[in-house]
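Naming follows writing order (A, B and C), and every chain is counted from residue 1.
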Amino acid sequence: MDIFNFFINRIETIMKLTSQHFFMVLTAMIISIVIGVIVGILITYNEKAAEVVLHITKILMTIPSLALFAILIPIFRIGATPAIIGIVLYTQLPIVRNVYTGIKNINPSIIEAARGMGMSRFKITFKIKLPLALPVLIAGIRTAVVMGVGMGAIASYVGAGGLGDYVFQGIQRTNDKMIIIGALMISLMAILVDRLLSLVQKRAEKKLS
Amino acid sequence: MTDSGNVKKRKPVIKAVLIPLVLIFIGLSYTFYVINYPQDKIVADFVSYSKVFSLLKQHIVLVLVSATAAVLVSVPLGIFLTRPKFKGLANIFISIVNMGQTIPSLAILALFVSVLGIGFKSAVFALWIYSLLPILNNTLVGITGVDRYVMEAATGMGMNPVRILTKIELPIAFPVIMAGIRTAATVNIGTATLAAFIGAGGLGDLIIAGNNINRWQIVILGALLSALLAILADYLMALFEKA
Amino acid sequence: MIKFENVTKKYPNTKNSAVNNLNLEINEGEICMLVGPSGCGKTTTMKMVNRLIEPTSGNIYIDGENIMAHNPVDLRRNIGYVIQNIGLFPHMTIAENIATVPKEKKWDKERIDKRVDELLELMELNPEVYRNRRPSDLSGGQRQRVGVARALAADPPVMLMDEPFGALDPITRSKLQNEFLRLQEKIRKTIIFVTHDIDEAIKMGDKIVVVKNGKIVQQGTPDDILSNPADEFVENLIGGNRSIKRLNLVTCSEIMHDTFSVKMDTPLDAARTIMLENGLKTIALTGQNNKLIGYAELKDMEGKTGMSGDYKKEMEVTVDERMSLNDALSEMLRIGQRYIYVADERDNLRGWIGINDILNAVSIND
């Protein structure tokens, strides 16, 4: 009950951190999706480039997120900027890879039919390829967003704010209530976002089956 | 014919040895560079071979202990849950595990700290739970994914359940289980840097300390070594899987 | 209408040309079947017409115009294209699929809607039912019909068809082939049709072009190819039993006999007289406009009075006059009968065919 009272008393701070966390991740994801989708589409035209790009994004992910943020500090100072850039870099792999495989897995006769009927390359990309790759793309976005929420927590370390603040402060002050509330709020956000996107994903899949 | 066969075989062996050596070489040379050509006096005072290697050792111990424990628990658990008696249970577990996998690493670490306090123990437990989930998930998916007709054929030929498990299910599910272990280990190596926040040491110490004293050489040393470790681990396990 | 002039296609890093100095002319309103084993260059030849593949050298003309003078996208919008796996867009409705090219050509919505319904009806798919369905809701045969409808949408004078019926079961395939031939009588397109199935080529083609290693081995009417194969390759392609293949060449209307029939209300006496005078055991019964209704047997009429229609038996099976002898023979074998009545598309009685007529028709030239 103690912890419940603690939560009620500090609800304002907690909500502020929650919305800070949410909008940091949202901003990063919008940028990440735009870049990832463009890169993912472009590399479907060149096998060699695809291999290189996918490899680079995979290696980016082996860098611990903590280290990625720390490396970005000397360049972008502390605050939301290195956090957002770090999340964007880190979440490229699931998005780029899923756009790429989503498009590559389309039955080639569908693309050929579109070409044979005189659709332009631009139209084929936006009217045929992207809609058909959508469920796979959404699955990638889902993975990326869940990763983003987790990274957003670690990003508190580079002064980006968000719910991670509560966890780090709790550890520093050995305040269990802060630690638990911080951890639970972060988990809740990740789970809710994941469930929501899973519904979107199922709808997109249903539309195609 | 035999000659060309030998040539084909020899090449991957060279590559198999070469890539780990290159990774180790990169790590060693950067460590050498930071220690022998430090940015300034502060860096020189902070790093030494013995310090870097003891942090590296700590990191490896954290990962090895938690990952091994995770394999030892989740593979048998996965096998147990996929027995016909518990069929319903497997599906429930898959959804629980899926939800568990969405919980961010920092949150899990924090929750363990609130129970076990700061230190090595919390870090190992958190890493253990965090690697448990992908391995359990892949064991369940791998075994339940074995083609129904293959199972029927095996039963029809009079194989008993133990032989079906060891000769059919596990061999077919092996690549999927291995993929789970690989993912778990690579993610684990990155997550283990967070252990430094709760006083459990590891390469995260270099990143945090480097950041605190504002010395990029040290931050990058921590980042590079953990990234190389992750790539190396992934590579070695891929080799093991093929062998 | 379509003319290939010294057309060669050589892919990089290959020794032999996929298509080698090919010359071919296809007349307006003609179905030209390109037939040969896989990898012979027939598909490459076809795809050069809508520039999905660009020739290495040589020229292709449609209606006297070099296709290279057009940009490929515009060119393709004026050439119908049907492919083996149909390539329907799974995320679009049937109507949206069919509307693809009209939309590219920026037709107004009303015109597109009207055209879609018209085509669905032409394909014997009820627009009310099928307009808003998705390709996954359809059977293989229905999807293929939609594929053809989509290719016809903007009424292109030329159609390219790449094994369009290849993925269907034999019964559906034969049905769609017949439907398509009937359709072609109305629409009169110039068609290049690629197949590896010589039977399909014989059945569908006005002209057959046999291709091997990128070269034309023989071209001619189906009858030419069957009666005078140019070499061993063509002979093997046709396979044994050329007489049986000729079954696909002759339509029922070519060999059917006139038949005797009586109206439903013809008195029994009159009917019996006709049958006895002509030595018939059965006689067809027709309604208004010579519409076939059933038949009556002499043995049932013995010593009875009344109307012919009183002794009507249901006609189990008839054959359409435009169907091939192969179809007629299969029906006869199926019901175990030595003759079959022939009707036209409106079910009007046209004649009958006996099993001996079929034997005579296919064994004359051999």
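Side notes on the structure shown:
Note that in this section contacts are C-beta pairs under 8 Å (C-beta built on N, C-alpha and C of every residue); 3 or more make two chains touch, one makes a residue touch a chain.
What you are looking at is a predicted structure, and each value in this text was computed from that prediction instead of being measured.
Distance from each chain's C-alpha mean to the overall C-alpha mean is smallest for A.
Relative to chain B, the most remote chain by averaged C-alpha coordinates is C. Computed centre separation for the pair chain A/chain B is 22 angstrom, with centres defined by C-alpha atoms.
Taking each chain's centre as the average of its CA atoms, chain B and chain C sit 62 Å apart. Chain centres here are Cα averages; for chain A and chain C they lie 54 Å apart.
Those residues of chain B lying in contact with chain A across their complex are 99, 102-108, 110-111, 113-114, 118, 186, 189-191, 193-194, 197-198, 203-204, 207-208, 210-211, 216, 219-220, 222-223, 226-227, 230-231, 234. Chain C meets chain A in the complex at residues 50, 52, 72-79, 81, 83-91, 100-101, 104, 136, 150-151, 160. Per the touch definition, chain A reaches chain B in the complex via residues 59, 62-68, 70-71, 73-74, 146, 149-151, 153-154, 157, 164, 167-168, 170-171, 174, 176, 179-180, 182-184, 186-187, 190-191, 194. Chain A meets chain C in the complex at residues 107, 109-120, 123, 128, 131-132, 207-209.
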